[in-house]
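Multiple structures follow.
The same subunit A turns up in both complexes below, where it pairs with subunit B and then with subunit C.
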Partner chain A sequence: MLQRIYDWVDERLDITPLWRDIADHEVPEHVNPAHHFSAFVYCFGGLTFFIVVIQILSGMFLTMYYVPDIVNAWESVYYLQNEVAFGVIVRGMHHWGASLVIVMMFLHTLRVFFQGAYKKPRELNWVVGVLIFFVMLGLGFTGYLLPWDMKALFATKVGLQIAVTIPVIGEMAKTLLAGGEIIGAQTLARFFAIHVFFLPGALLALMGAHFIMIRKQGISGPL
Partner chain B sequence: MHRGKGMKFVGDSRVPAQKKPNIPKDYSEYPGKTEAFWPNFLLKEWMVGAVFLIGYLLLTIAHPSPLERVADPTDATYTPLPDWYFLFLYQLLKYKYAAGDYTLIGTMIIPGIAFGSLLLAPWLDPGPERRPSKRPIAVGMMLLAVISTIFLTWESVVTHDWEKQAKQGEIVEANVDKDAEGYQIYSGQSCIGCHGDSLQGATGPSLLETEKSAEEIMGIAKNGIPPAMPANAFEGSDEELQKLAQFIVETAEANK
Partner chain C sequence: MAKKNEVTRRQFLNYTLTGVGGFMAAGMLMPMVRFAIDPVLKEGTEQEMVPVMDVSEITKEPQRKKFKVDQVDGWYESEVEQSAWVYKDEKDEIVALSPVCKHLGCTVDWSSNAAYPDQFYCPCHGGRYTKDGVNVPGTPPLAPLDVYKMKVEKGKLYLGKPEPR
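What follows is the complex of A and B.
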């Protein structure tokens, strides 16, 4: 039955090449931890992706309760944390996932760097990967403000003070991020929009490019 | 792409009617055996993912994510702290040649060089050699950057006052009867400005932990504690002062 549905779609849309690129390919021995335990270093990229998926899912559930305005933001997080069933788990996964994804991405970057896997012909994929790294740091910075507690507010103040010291673009960047002179209602709304729409959009586009390039080129060979 | 006269398509679409065989990428020149990604290798990846997920969930359950008290922009005594993965940048700005007149070095030049060269690594290290031992400069620079980042993070962690950090952000759930007559006097006088709307303290100390007697509190309200608390802060009648002091003592008692 499944096969017939597949064939019906495949006849019309020719999805087999797509399927082959996603799943029907071979994994060389030197990246397979079942053959060489040291190949576990190749897991870091996959685990980074795994946590990103968890971050997107848990973030979607968080927005069901979170209210991005300065009067209700903290109250909504407090309610989520203490009253909502499994709220503490969902928020906990998003909180710890944010740290774990940085750790995994850092390890993945080091693996690629020390193996020299960024060299020709994979330069572009390395650049996209570093851009993903920057987007992740941006997600961490903007997400930190959203609970609107003491550490959130003051860390953001310091962060924007640092941004202002950069000549020419510093002042503009601060105005763009803070939405005005003070770190207040407008800032929270902007950080929410950046954290939930702008940066995830950029992240998905970059990850798409990252994966397409991997499939196109295949994984780098053994050292 | 195959094209030309005589091609058969599905209906009037451009999808070819004749399927071409799928040939997976050829890894035959790599040493050892390859394994099919689907489903063999994916199953193993799932197992690694499941073990990882268990650890992740245990961490989540063992350490609920922190939430400090609601943001109060007027609290000038709060010492800010970014999330841990920004600590190295934060610590860098504490050094003499990366702060003050040299701020630009700490905020732009050093991070700019570090992250810029990370981005441009393929062109800074363009040789064909991949083994770390064959490209000592690139590997050395990266090791230096990693060690510096770890060192700066470590320095930031050991020099930070974590006890104060935990205390300054604590959510104080004070049991304060805001309908009491004493609270009306408390909020009507200037006390509330420094000691907070729940007696939890702000620029002034918390009154919730006071062990002073009503007489002592009356004396302080009249004479102050130099230099922080001014004298004659209380401007009501003696009867009100009595009630205020009684209210503070009772509230402190209730919050023990």
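What follows is the complex of A and C.
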């Protein structure tokens, strides 16, 4: 049945080359853990991507209940965690995934660093990778404020106080991030927008570039 | 060559990998989907009975009575105003009708249209109901007005949730 539907579409649109191009490629022996178990270090990039997918999905579902407003934010988080079925799990996925994605990304970076995989001709991909790292940290920072509890509030105060120490533009940077003089209603709305629209958009674009470059250049050779 | 009905290594791997992958994906997606559809599966909330008026004030003519009820909307609780058309019928029994039109939810009024005295009239699309709340055939509403759950205690009329008949 599935095969027949596929054939029907393929006959008209010739989709086989499309997915072949994406999915069908050789995995060199030195990155295959079945040959050398130590090759598991090549998994960290993929694991980072896998967790990013979980983060995007669980985040999308969380916004069904969450409201970015200082009166209701905490209440809505409390409600979705305690009153909605599987709320603990969905929020837990997003909460733990946020930490895990940093860990995986860090391990991936270490592997690339110690194998010297960033060297010519792959310097550009290293740069994109570092940008992804910063975007992830930004996602972590903005997401931390959203539950609007004491921990969130003071973590953000500290974070913005660090921004003030930037020479010359420090104060401006803080006001821009906070959306006003204090950390309050405007900060929450702003951080929410940054967390769910701007940074994920940047992240998807950068990850696209990251993957295209890998396909173009191939995985770096064995040590 | 493989005998008939024998599973090849490739088939076996395909099935196992699809199975394990599907299981993992389901484990990931199931909580999220259940989370999203929770409102459909939640049981409706009960509403407390609130005192609306003295029984002695109830007349044969429908009166519009407003009263406040606590409404819990997820994480947001508020007091909302509801109203009821209250009167005594020929058998001297108390009737409390919801003013929400059964066509598309506008608010009906008693005897407000000079052409149809002694009927409930809905201004939105001209829906009409007789005094007992039954919809007049040929007008838009397809069901009679909801009736409030009620009780009388110490000379006071208490109303609960409106219920369809």
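Convention: the second predicted complex is superposed on the first by the 203 of 223 C-alpha atoms of A that agree within 3 Å, B and C clash if a C-alpha of one lies under 4 Å from a C-alpha of the other, contacts with A are read in each partner's own complex, and residues count from 1 in each chain.
In this section, a residue touches a chain if its C-beta (ideal position, glycine included) is under 8 Å from a C-beta of that chain, and two chains touch if they have at least 3 such contacts.
Quick caveat: nothing in here was measured; it's all calculated off a predicted structure.
Residue contacts after overlaying the shared chain place A:138 against neither subunit B nor subunit C. When the two complexes are overlaid on their common chain A, residue A:110 makes contact with subunit B while staying clear of subunit C. After overlaying the two complexes on the shared chain, residue contacts for A:89 are found with subunit B and with subunit C alike.
By the touch criterion defined above, A:78 reaches both subunit B and subunit C.
In the superposition on chain A, contact of A:162 is made with subunit B only, not with subunit C. Contacts of A:200 after superposition: neither subunit B nor subunit C is touched. Within subunit A, the residues touching subunit B in one complex and subunit C in the other are 54, 75, 78, 89, 93.
Within the complex formed with subunit A, the subunit B residues making contact are 10, 13, 15-16, 19, 22, 24-25, 27, 30-38, 41-42, 44-45, 48-49, 52-53, 56-57, 59-61, 63-73, 75, 78-86, 89-90, 93, 103-104, 107-108, 115, 118-119, 121-123, 125-132, 135, 139, 142, 146, 168-169, 171. Listed in rising order, the residues of subunit A touching subunit B in the complex are 11-14, 16-17, 20, 23-30, 32-35, 43, 46-47, 50-51, 54, 70, 74-75, 77-78, 81, 88-89, 91-100, 102, 109-110, 113-120, 122-123, 126-127, 130-131, 133-134, 137, 140-141, 144, 147-155, 157-159, 162, 165-167, 182-184, 218, 220-223.
The residues of subunit A lying in touch with subunit C in their complex are 54, 57-58, 61, 64-65, 72, 75-76, 78-80, 83-87, 89-90, 93. Across the complex, subunit A is touched by residues 28-29, 31-32, 34-36, 38, 41, 74-76 of subunit C.
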